[in-house]
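Please go over the structures that come below.
One chain, chain A, appears in both complexes that follow, with chain B as partner in the first and chain C in the second.
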Partner chain A sequence: MRSKVVFRRLLRNNQARYGFVALVLLVGLAYVGPFFGAYDWTDKDFLSFLSPPGGDHWWGTTSIGQDMYAVTLRGMQKSIIIGLLVALISTGLAAVVGAFAGYFGGWVDRVLMWGVDLLLVLPSFLVIAIISPRLREGTWLWFVALLAAFSWMITSRVVRSMTLSLREREYVLAAVYMGIPRWKIIFRHIVPNLSSLLIIDATLNVSGAIIGEAALSFFGFGIQPPDVSLGTLIATGSGNATGYPWLFAFPAGLLVALVLSVNLIGDGLRDALDPGSNT
Partner chain B sequence: MGKYLLRRLAINVILVAIAASLAYMLAATTMNPRAAYEGRQPPVPEAVIDATLDAYNLNDKTPVLVRYATWAKGVVTGDFGKTWNGGSVNGEMGRRIMVSLRLLLIGTLLGFALGVVLGAVSAVKQYKFSDRLIGVSSFVIMAIPVFVLATLLAIATYNLNRGLGFTLIEYTGEYNPRLSGWDQFVNRLNHLILPTISLSLGSIAFYSRIQRNMMLDVLGQDFVRTAMAKGLRRRTALTKHALRTALIPSATYFAFAFGTMFTGATFTEKIFAWHGMGAWLVDSINQNDVNSVAAVTFFAAVCILFASFLSDLLVAALDPRVRVS
Partner chain C sequence: MSILQVKDLTVTFPGGIEAVRGVSYEVERGEVLGIVGESGSGKSVTSLAVMGLLPKNAVVDGSVQLHGQELLGMKEDDLVKVRGKSISMIFQDPLSAFTPVFTIGDQIAEAVRVHQKVGKDKAAKRAVELLDLVGIPNPNLRAKAFPHEFSGGMRQRAMIAMAIANDPDLLICDEPTTALDVTIQAQVLEVLKTAQQETGAGIVMITHDLGVIAGMADRVLVMYAGRPVEQGPVEDIYYRPRMPYTMGLLASIPRVDGEEGPLVPIDGNPPSPAALPPGCPFAPRCPMKVDMCDDEEPPLTPFGGGRHVACIRAHEIEHKNLTGTDVFPVPVIPPNEVVRVPRAERPTVLELDELIRHYPLMKGAVFKRRVGTVYAVDGISLDIAEGETLALVGESGCGKTTTLQQIMQLQPPQGGRVVVLGRNSAELDKAARKALRGDLQIVFQDPMAALDPRMPIGDIIAEPLRAHGVKDDVRGKVAELLRLVGLAPEHAERYPQQFSGGQRQRIGIARALALEPKLLVLDEPVSALDVSIQAGVINLLEELKNRLGLSYLFVAHDLAVVRHLADRVAVMYLGRIAEIGAVENVYDRPAHPYTQALLSAIPLPDPEMERTRKRILLEGDLPSPADPPSGCRFRTRCPKFARLSEAERRRCVDEEPSVARLTRAVDHGAACHYAEEIEVITASENQEEE
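And then the complex of A and B:
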């Protein structure tokens, strides 16, 4: 019932509508677009290095003759997957840790929150920067795990404080008296009641993760060659952006469009799920 | 209160010690300072390399725990050890903190002040054109990562300078060492323009959104109406009563931003070639500089904890409700 109301509110929200349309177009471009290009992202055209956008190479070529169109879309696929995976893992982790800490209280709470504090103090940039280039033979999934591991702490604090108030509700107490195990109560009653917060958080985490990935890759600490992402492309493109603007403009423009559309959806979701707030 | 503060201080000291130790261990076990000496032409004898690395406490043939103990002993007495090529980490850190301070102080303050003003204006003129304009532009700016924004600014300036035929705005480095006196000062200010814009645009967008929301909450409340009803002019009521109350959340964020300022500008420093603390983090990782990595981490952890402490103090000072409870 409520989901229907929320969905209708979401559709009436202009921001969210534009965001959805833009995101669908961008994802479509990333996954369907490569079939229309004449070149594969691994192809190298030895007859045209650094040629500007034109009929043959739509978005120009790189310094080693890669087709910019194919490479950029390949990078965008990677960025989208990383964004989604990191958001799912980090929001899930935040929900579980926050809910357990808030519901159980006592030493569980203290240990978990101490861990959160520690992770907040640890220099995430440094840890990821040192570890991830050394996982060369490992897959990029390690990089996703690292990004997720350092992005859930603040939300888990919010979840914890909201759990503290949910814990005393009648339906939770009723479930306790019915003899339902406590971990089941958390997943059946506490977490579903935080769903609006979690959905919004997950959406905004997607754009956060996409930016985070690009930022680390910008310094060469993220996705490692020969694999590409929007971050690695922007990094190589920004070095000679004045002479060969197409190397920078396409990946950077798509990155901004991607982040913007996800943010628009996140904002619209917040309005639809939580009409009281005016953020 | 005193007891609470002491306990908090103790916890913070432990957290800083853990963060710095973990960073040291991670850096010392994975990084290879030897590589910088092994690749030299003509080749350096291994015994010489060992002796040099031993002198800097960087030798990977010494067990990690022994190196850690030497390092920790130094840190406790305030000595962060040597960089990979024998310079003093303390000296380097002092120099770089000043560079970051010169670079970031104006940008941080400007970002906060302009953001708060724009947010307040936006709230007072809710749903009018200026509100929409501020809202949309801050939304777009927040979607642009710093490294894209900084590169865009650099490109625009490059083209501007080329179009004009002379260098109107500098886009790399901190100053021109050939100038002196007043010219030098003006030249430094010129070098500040681009990094300051790239730093402050994001925070202007961020603060303006927070400030707008808080201001909207406050504007509808009784005490603002009372202030106007007792005969205050609208402007006075808005600035003295509404804005002041609505400032609390932005101020806490500001305290945090002020504390993390030194290490927060990695991209701006790298792209505009300023050699501050943020750039040092990236440089030291790339140079396998174990002691510098640990020092930056230590410094960053101290800054973050100090900032969270500062923001708590600020909330207590601004918000009477917190003081009572």
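And then the complex of A and C:
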């Protein structure tokens, strides 16, 4: 079976194995870790401001007495959720838009690809930076939607060109000649046959989204206080990085580890699904 | 003294996959050795191993000696001097064998200069000479052309020219004509014979086409599961095969000289090289199997008269003089009930009337303008009565596939009419079109591409049922369909990759039959299958037609299969019908010069007949459908046109012939002003007996 073969190849790949183990540990840390810490992320310890890592506060405290351990894990939770959601939405959008444009061709193709081109030329960082403060009252889900809206275009072009070749496949023609509606053909025969591309793309999008979130939050355009994410933590910690390194090192280190492990899995998946691509 | 001596050659790929398991053969000067076998039998790997062209992870053992010099284990630097000089290879796909960025002449000249110390201008001159030798018109001019400007047949000729550039002692041809049309194949084989005469080289000819081998080879080596199972002079192999596999192979090929009765298929599939049976690899499929066959693999033992056979019952076969039809069970196909009614009284299921499909030829990136028209289908008319098989034959580019698409789309055509089951496609609304699709289904050529790899076959077969609103007992119907095409209902859970080519084609047929159609369109349904598998699928199609009362529109380029399966045949040339009529009429008394050439070009799997028959060789290639000749489209290649007087020719140039009924026959028409029935295929013996 193909899925078994892919799985076996994935396990044989050292990079992917390390990435997978690291990711499981990191996600476990983010969600299980807080139960072991002595403090909640909203707690403030007024007895110790800016105390270095030690027995009571494992990763030290911030300038207002928050427990760094609890806050960082909370921020990582948010970053992971944002990463997953953005990847899911943007890959889904890319698949649907690309497949429809490629399969229908004609004016559908032209309109959709015109939209793609338009989004590609817009400076996404700037647009998000302008819009997101106006949505301050709304939830952070708006922010997810914005991030997703600007990260699907390239993939959708790849999907479109692959659809163009899948469209001529005989099993797709057979479905047409059976009288199956075209939108059904897209979801039943075209998108599943692009799944290897889409899985790889979604994985790599996770790390892209985490970085994007961190970057925007760093400049204050993303997650708004009192909520925290790795980006906001890095932003606040960076000013004092030399004096109080624990404020900066823990969130930044976790961000690097998270993105690296996801990327390793993505590369491993690509090699496993498409063995010819790495030679 | 033999040129090439291969001894106990074995090739093992990583994972313990033994692709070649002990091949020995010798080739002498001027001799043609044919290696036959089905896909996966190791015939190509053998020749790649001889050339030293296998990937590094393949382990090659044994001995390959060229003029007594061992090639295996030779350093790459030394091997380069042998390759292309003493041994040359001709590949199947001539397009990928040339670099697209250099001209053909430069590439041939380069081949000359690599091995000989000659000047640039001399090498270029030699290239032109070689192109002239292989029959390329205007070699001076064509030497400056790029590979994409050559047609498939011309490229293969150029490939031959390159292969013989250094006067090699041995030519290895790996399926040299498989990718070509029959008329071009005949030309290329002719060139190959010239090339051999010119160089006196020995040839190793690898192919699955038993007809080509019959015409070319002096000795034949039959391979099965990585080992030779029979070896001997060509007449012995064809007339007195002594290994059941060879016998079955010869009995399973349909013949263009028409032997009636069902074909004899070999059951089962060739074993996978990763999981070979314990004893004789052919034992699981062999009808003559005894218990001893499973004990050990029979070695290739001498049998007298330069023959070698790997079968423990070979002497028994010799003694009783058995043939393939004696040994293999001949399937019984129920008779067709519908054909008892005369054709004129049966309803018409498909009618094409002056069907036209032209494609515009566009140029320019931003502002597209029309620079010409491709006349893909240019006015063809035909009809199919209920219970009948009409075959549409022709070479690639003649418009067969376009015609099919026009029918299957059920959209109003550009010109003319398509009438399916009495309903004109131009007058259908959406609902009626969908309903009609249930009665009109298609089986595709490539069994790999026709099934969605991500769906289990149960879902694949159920798809048309669900699309047409069948809700109850879909599983039961799928199981029934699987049984109908000779597969087990338990297979419904598996994915297409787990099936062999023949089984996949059966799944495709089951899917097409799911809606109980009345007309089945078969787009080259067996051309991608191995011979032994092909016979089973042909029999299945015949049986289904008779049992279910289907009508077939059968598109094919293999005229032997057509003769076997079809009732009527329409020969297409450049978007028009050249000749149409009942199979017996068209095959036995072809009237159009094109049909005559086509039929005479098909190799017969019979060495004696193949070597004595006269060929009508066509010149040149198919003209571009964007710029067809005026008047009769075939006149540029027509052997008859060349013999006509000036006055008679005028008519061919000015006036386009339409299909006219020939006076003597009831169902036979040809589109030729000077149609004249002649016999091209000598009737085979048992036909004469009748």
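One rule holds in what follows: the second predicted complex is superposed on the first by the 278 of 279 C-alpha atoms of A that agree within 3 Å, B and C clash if a C-alpha of one lies under 4 Å from a C-alpha of the other, contacts with A are read in each partner's own complex, and residues count from 1 in each chain.
Rule of thumb we're sticking to: a contact is a pair of C-beta atoms (placed from the backbone, for glycine too) under 8 Å apart; a residue touches a chain by one contact, two chains touch by 3 or more.
Everything numeric in this text was worked out from a predicted model, so none of it was measured.
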When chain B and chain C are modelled together on chain A, clash or fit: fit
First (chain B), second (chain C), both or neither touched by A:A174: second
First (chain B), second (chain C), both or neither touched by A:P192: second
Comparing the two partners chain B and chain C, which touches a greater set of residues in chain A: B
Contacts of A:V24 with chain B and chain C, given as first, second, both or neither: neither
Chain B versus chain C as contact partner of A:F125, first or second or both or neither: first
Partner chain in contact with A:A38 - chain B first, chain C second, else both or neither: neither
Shortest span in Å between Cα atoms of chain B and of chain C, once chain A is used as the common reference: 5
Overlap of chain C and chain B interfaces on chain A (superposed complexes): none
Chain C residues touching chain A - in the complex, by the definition given at the top: 408, 433-434, 437-438, 440-442, 444-446, 449-455, 463-464, 467-468, 495, 497, 508, 511, 515
Chain A to chain C touching residues, read off their complex: 1-2, 169-171, 173-175, 177-180, 188-189, 192-193, 195
Parts of chain A lying in touch with chain B, wherever the complex brings them together: 117-118, 120-123, 125-127, 129-131, 134, 207, 211, 214-215, 218-219, 221, 234, 238, 241-242, 245, 248, 252, 255-256, 259-260, 263-264, 267, 278-279
Footprint of chain A on chain B - complex, ascending: 15-16, 18-19, 22-23, 26-27, 30-31, 139-140, 142-148, 151-152, 154-155, 158-159, 209, 213, 216-217, 266-267, 270-271, 281-282, 285, 293, 296-297, 300-301, 304-305
